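Chain lettering (A, B, C, D and E) follows the sequence in which the chains are written, and residue indices restart at 1 in each chain.
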Amino acid sequence: MTTPSPPALEVRNISLAFKGVKAISDLSFEVAPREICALIGPNGAGKSSLLNILNGVYVPNSGEIIFEGEHFHRMQPLEAARRGIGRGFQNNALFSGMSVADNVIAGLSRHARATLLEEALLLPRARAETRRFRERAHEVLGLFNLEHHAETIVATLPYGVQKKVELARAIVAAPRLLLLDEPLAGMNAAEKQEIADIIATLNRELKLTIVLIEHDIGIVLKLAHHVVVLDYGRKLADGAPDGIRDNPEVIAAYLGGDKVEIAA
Amino acid sequence: MSEIELRLTGGIGEGVSTRKLTGIAVAALVVSLPFLATEYWINAIIVPFLILSLAGVGLNLLTGYAGQLSLGAGAFMMVGAYATFAFQLRLPELPLPFALIASGIVAGAVGFAFGFPSTRIKGFYLIVSTLAAQFFFEWLFLKFPWFYNGDPSATISLPAGLWAFGIDLNSPHGRYYLTLASVALLTWLSYNLVRSQTGRNWMAIRDMDTAAAVIGVPILRAKLQAFAVSSFILGIAGALWAFGYLGSASVQSFGLTRSYQILFIIIIGGMGTIRGAYLGAAFVSLLPLALDWLFQQLLGGHADAGLLQNIQKVIFGILILWFLIKEPEGLARLLRRQSGNFNTRRFPRLKIRRQT
Amino acid sequence: ADVTQYIPLPTYRVGAYASSGELWWAGERDYFRYINEVEGGIDGVKLNYEEFETEWSPDRTVEVYERVKAGKDGSPIAFFFTHGTPATYALLEKAAADKIPLIDPAGGRTESIDGRVFPYAFPLLFSYYSQASTGINYIASKVGGFEKLKGLKIATVYHDSAYGRATQPAVELLAKKYGFENIQIPVADPGNEQSPQWRQIHELKPDWVFLRTWGVSTVVGIKTAARFGFPADHIIGDVWAGSESDVIPAGKAAIGYSALAPYPGGADFEIHKRLKKFILDAGKSDLRDQKYFGAVNYNVGLVNAALAVEALRTGYKKFGARPLDGEEGRWAFEHLTIDENRLKEIGFVGLLQPIQITPLDHEGGGAARIQSWDGQKWVLQTDWIKADHEALRPLIEQQAAAYAKEHGITPRTPDTETN
Amino acid sequence: MTTRSTSAAPVADQGTLLEVSNIEVVYGGAILAVADVSLTIGNGEIVALLGANGAGKSTVLKAISGLASADRAKVRRGHIRLGGEDILGLAANKLAARGIVHVMEGRHVFPHLTVKENLLTGAFLHRPSRKELKRQLDDVYAWFPRLRDKQSTQAGLTSGGEQQMLAIGRAFLTQPRLVLLDEPSMGLAPRIVQEIFEIIVRLNREKGTAFLLAEQNAALSLAYARRAYVLDTGRVALEGPAADLAARDDLHRIYLGDGP
Amino acid sequence: MNMFLETLIGGLLAGTMYSLVAIGFVLIYKASGVFNYAQGSMLLFAALTFVSLTDQGVPVLVALVITIVVLALMAVGIERLILRPLVNRGPMTLFMATLGLAYIVEGTAQGLMGSQVKALDLGIEDLPIFLGDIMISQFDLTAAAVALILVVALSLLFNKTRLGVALRGVADDTSAALSIGIDINRIWQIVWTIAGLVGLVAGLLWGARQGVQFSLSLVVLKALPVLIIGGFTSITGAIIGGLVVGAAESLGETYIGPFLGGGITPWFAYALALAFLFIRPAGLFGEQKIERV
């Protein structure tokens, strides 16, 4: 699904090092609007770091990011959120002491307009906003069949459910670019399928551009329109899913040479 | 495709009407309290309890909700008290309620300023900022006579006593209602705030600030808001403590032990709950009295008084530990559990079924 | 049952000030017990005293006050010992409204000496201004007269608190009067590191140092002085820097250090003989360790208790031997007189100065002896040295008048009041 | 779907190593997570523990390893025996000394220690000599070369997969008799997952180490395990030889929701 | 200039007295992640035990041994009754628990041994010695030497021994430590005992300076800015922080104090610490908080 229109996101010559150790070296690739781009690669290849650069948690040593035509040398987390970049994390980064609904509503922060005083005094605008946010959150929770967990404190939920909550939080504010770090990890096959379906739906219906990291190659190949393979911070391969599985370099670095099928 | 079905065991939503009834009963009791309790109870127990609860609510916003550890509650209370004194002394036309609000704003501004380091410093290191506030204001309000109007003992007391719109509030009843009104109002505001988006922002920062930033929570603003609002409430609590309870105050009334006391209130009561502040305050105000009473009853005046005091102190320490061990989430949680409906039961859980 | 007079005692047996509190209340209780058990009470009225721990916190003292102000077991309270200047301040207006006298010997609010404005506050015995003045008078006697004060440098090293600063107006006044140079050096609480202060002393080379610290800041002050070579015998400690616990830990550095003693140390006074016989030897003392019998802080307790007992006695004479209420208590204190004769009768000669309190003068004494530390014990150097009341009185009246104005109080005119 | 069950036939000696009978586990005195679970692990056996999200797999492992108490959970009923001896209530570190090591879900490396120091903490248990220590470390580095590169990085800063390798390597260094592995494949690249399972099999063959694997990836763990238990809402719903279970597709349908 | 040097040197030396208190604190923080408010009370308790024994005529060495045994018992008790039941709880809870502990220790210490001030003479002559014109306190010099020895010994313990590595692991993640067989209980007992001993040393030196009594427990307030500047987790940081705070306080009181009316030491150190933290948010030597997403 390559379109002639300009890319939604372009990563240009990005390099990142920690205390002199290179995590990403001179990486460039493009993500077309409305495509699902999968980032795969061995552990420590720099995938999460790249997402962190894209929404401003890490500052690259060099290179630039072009998002919807605008150039950034560095992103600020808040700025990224404001521009519609949503994010799900590798280790669940939920607000563990809050309820599921509150977690999701927190994702709407940048749309909040009511002032502190209005909120404290329960003035109409604050009340309306609360109502709107709550409705929106329930809508999204509905998508994940999580309504009944709305008032549960997330820390007491099983890991798999937490993952879904996190996804819900990432999309509640209707982002234009969604960055997902291993959204399917720790789930069983059925759940993986369910989430994959949701991701596909989001991509299709909401016309969301998605960059995701995932190790379950079976699902990745079904879900993604475009795969970028990283190894030691370098781009190993970049292209349509079909070619990836048989790419010898990818097999050597990532998939493993054995014929054993890992995924169901 | 797949359908996810939820199975809920254990009732939620029972007893709403009983809760409403209890609420009304409590409200009635609270309003008519002065006519039921002795003057001693009002002056020496209920009024300070209410003020400590308010201070607990204030600190809870910052520490319990926004996760910013503060050992400077006393400092912000102090600012509130001294500001009220200054307003009443130098702007006598300003009615007391407005003076209180203005002092709260002054305290809030000070909290805002001392909150700035929180944008860089986290965790236990942050106590340096609030401790700096604590010691700085103790020094400031003692050093410069302007703050205490040159009084030789460096204490402050309201020149005209407590008056609001021509009503004399100096009697125990007057002070009770003044305190009650302020405390109830501010608690209500706090309650609204923590359930608003701002409150959610605070909790998000508390639970994981990097993630919060990434999903669009304005970290900087929310933290500073937490400092300001918390100090606003603490400031008013301080003013009430000075003039509604003690009658006059000096920096000692708001020393480090006060800060610890308030922190203690929210931890024992329950971090991140408004109710917890009240329960914690009740605990710290009543326990020493109860122990005192118990010892008087058990031993009369016959044992070595110094030893008894030390034993009391040990018992107090043991009780603190016992509570912490028994219920990490504080009295608020403990009580909820005792009141049934929370016993061994399964949490709502998922079951996945596949349609045939 | 006995007729009893209820006496609540806010105490501090634990916390930062416990070391003085423990002895203090031992003395106070021992004396009350002596009155009750040996003398059968005051004119037959037994004293019912009860302790309340406050850790010296004014807030908790206020709480105690609220708890006890209505009295107990049918006895009202005739007065309330605050046992702490901050507590006195916190209660000043409440007590005036409740008509309960606040008693705070050798502390309290200095201008409340003026009983016309402060009918219910009694900074008995030795106010802060008197403390300053007595110290200066002693220095004058050491240097050979008031004229010699001119040009001297007198430094006050003070605990940076309301207590520490309370003497400043008086010293300033006296500096003007006698022409000495007034140097004020603050020590921040708790004062366990004072090198900068004493290095300053070392540089400024004052002739005398008036040490107005308390708690550890006294010990550390004396030690640091020695380290910087400032002679201990040119340091005069204030009342609250003059007990054994202030000098023993300082070791050799404290030898020669002297202090104002409205409550002299020692166990050789007549009253000690009586107490030894009837209380200590009978195993009824509140002291845990008898070696502290006659310690300064123990004697503080004795003297304070005696003041209360004598005031009650005065009151019973007028109102009859029955529990007094606050208003009667005020009358009693305002007419308390303890002359040499009476001192002899109660066994306090040398330990307590002669006292005469009037509605115009709620202090009533204003003198102290000087004692100095010889490494083992306090040795009394002088008889009672009086403060310069004439010089101080106008300052006090002026401040009292300002207070009256600020609080809208019309001063009483006690002369016309019928007793 | 091709599965390989050939490599998964380690010969277990007779004798039971671990026996869990009828345990009930409650969190914080209030939340019932495991209602009634019994299972056994033979000496040198690889056993899989399956179940949907929240079925109680992790909780069972924590109950066995003694780490439940660190999460304010309590085993309220039942017994756990190691080699016939009751070990319920023993502290986790004592159990580690007896050979039970638990690789927890969510990695749990020591973030401020370097990768190497993390490994050392595992090796200290048996107080090896300096030379022995080095040999053991080299073993781990041979399994996970990535860790050698990262030796002196603080573990908290390494990538998710690196942390997972570290946690597993550290656990193996305690020279366990029984390893409780909670979601070992999570977040690992397919090649590494394969390698880990190869290592498991090797350790099992060479040293007779027994394994209890809690895995979401049923196909994978059934391929390597000898027997398996399936948990459903805190109870054992099914048990049997891994191969049999793998063959039953109603298992997938009912309890795991696996695709056909 | 001499005045300046003297002030500076005096301050530096005095600062090592603060370090002594801070070290005990660092130990505990490093090994159990507990912000130990009770360090001051433990210091009081240790010194009071020792002095009460010698006051009773117990020979110094015997008193020392008994005190050490008492401290070890206390450490075992703390581990059993507080740390063990509170394992894996948040840092705030543990902090509050140490507040409770402080009450217990203070109450016990004073209840058993009375609250009278006890003199303590360590036999260190406190007459100044002169380096040219500059006056230096012998006492402070001794204290500085003691602090230095402690720092070296404890740094070796932490960085060079197996126990040290294990200890740091325990503070990071108790569950993980347990899972691989680290006996956290024993480790805590050892660490709290060592912290008690460090407290004893600090308590004796401070006690010799100001008498052994309740206010000894307040010296922690001096140690806090030291810790903050040095970092909660660094022994070396504790000593350097102490030097910085000591020097700054001394110079500040002498050269800045007079412009502000004096008595600025209580907050000056904190203000300084704040400035330091702006530059390095985890103190000069402290470990940065690790948070990866």
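FYI, a residue touches a chain if its C-beta (ideal position, glycine included) is under 8 Å from a C-beta of that chain, and two chains touch if they have at least 3 such contacts.
The chain lineup, named per UniProt: A, D = ABC transporter ATP-binding protein; B, E = Branched-chain amino acid ABC transporter permease.
Please read these numbers as outputs of a predicted model, since none were measured by experiment.
**Q** Tell me the fewest steps from chain C to chain D, where a step is a jump to a chain it touches.
**A** 2
**Q** Moving only to chains each one touches, count the minimum steps from chain D until you reach chain E.
**A** Steps on the shortest route: 1.
**Q** Taking each chain's centre as the mean of its C-alpha atoms, which one ends up farthest from the centre of chain B?
**A** So the chain farthest away from chain B turns out to be D.
**Q** Just give me the whole-number Å value for how far the CA centre of chain A lies from that of chain C.
**A** It comes to 73 Å between the two C-alpha centres.
**Q** Just the number, please: Cα centre separation of chain A and chain E in whole Å.
**A** Averaging C-alpha atoms per chain gives centres 47 Å apart.
**Q** If you average the CA atoms of chain B and of chain C, how many Å lie between those two points?
**A** Here chain B and chain C have centroids separated by 37 Å.
**Q** Whole-Å distance, chain A centre to chain D centre, using C-alpha means?
**A** So the centroids are 29 Å from each other.
**Q** Mind pulling the residue numbers of chain B that touch at least two other chains?
**A** Those would be 2, 139, 143, 210-211, 214, 306, 310, 312-313, 328, 347, 349-350, 352, 354.
**Q** What parts of chain A, by residue number, touch at least two of the other chains?
**A** 48, 57, 89-91, 93, 156, 158, 161, 190-191, 193
**Q** Which residues belonging to chain C are in contact with no fewer than two other chains?
**A** Within chain C, residues 13-14, 18, 22, 160, 188, 288 contact more than one other chain.
**Q** Chain D touches which residues of chain E in the complex?
**A** Result: residues 87-88, 162, 165-166, 168-169, 171-185, 233, 287, 290-292 of chain E touch chain D.
**Q** Using the touch definition from the top, list the residues of chain C that touch chain B in their complex.
**A** 11, 13-14, 18, 22, 25, 50-53, 57-59, 62-63, 66-67, 69-70, 85-86, 89-94, 97, 109-111, 160-162, 165-166, 169, 188, 286, 288, 399, 406-408
**Q** Quick one: in the complex, what on chain C touches chain E?
**A** 13-19, 21-23, 160, 185-190, 192-193, 195-197, 199-200, 203, 215-216, 219-220, 223, 226-229, 244-245, 248-251, 253, 288-289, 292
**Q** Where on chain D is chain A touching in the complex?
**A** 1-4, 27, 31, 52-54, 105-106, 146, 150, 153, 157-162, 164-165, 183, 185-195, 216-220, 223, 252, 256-259
**Q** Can you list the chain A residues touching chain E in their complex?
**A** Against chain E, the touching part of chain A is residues 48, 52, 57, 89-91, 93.
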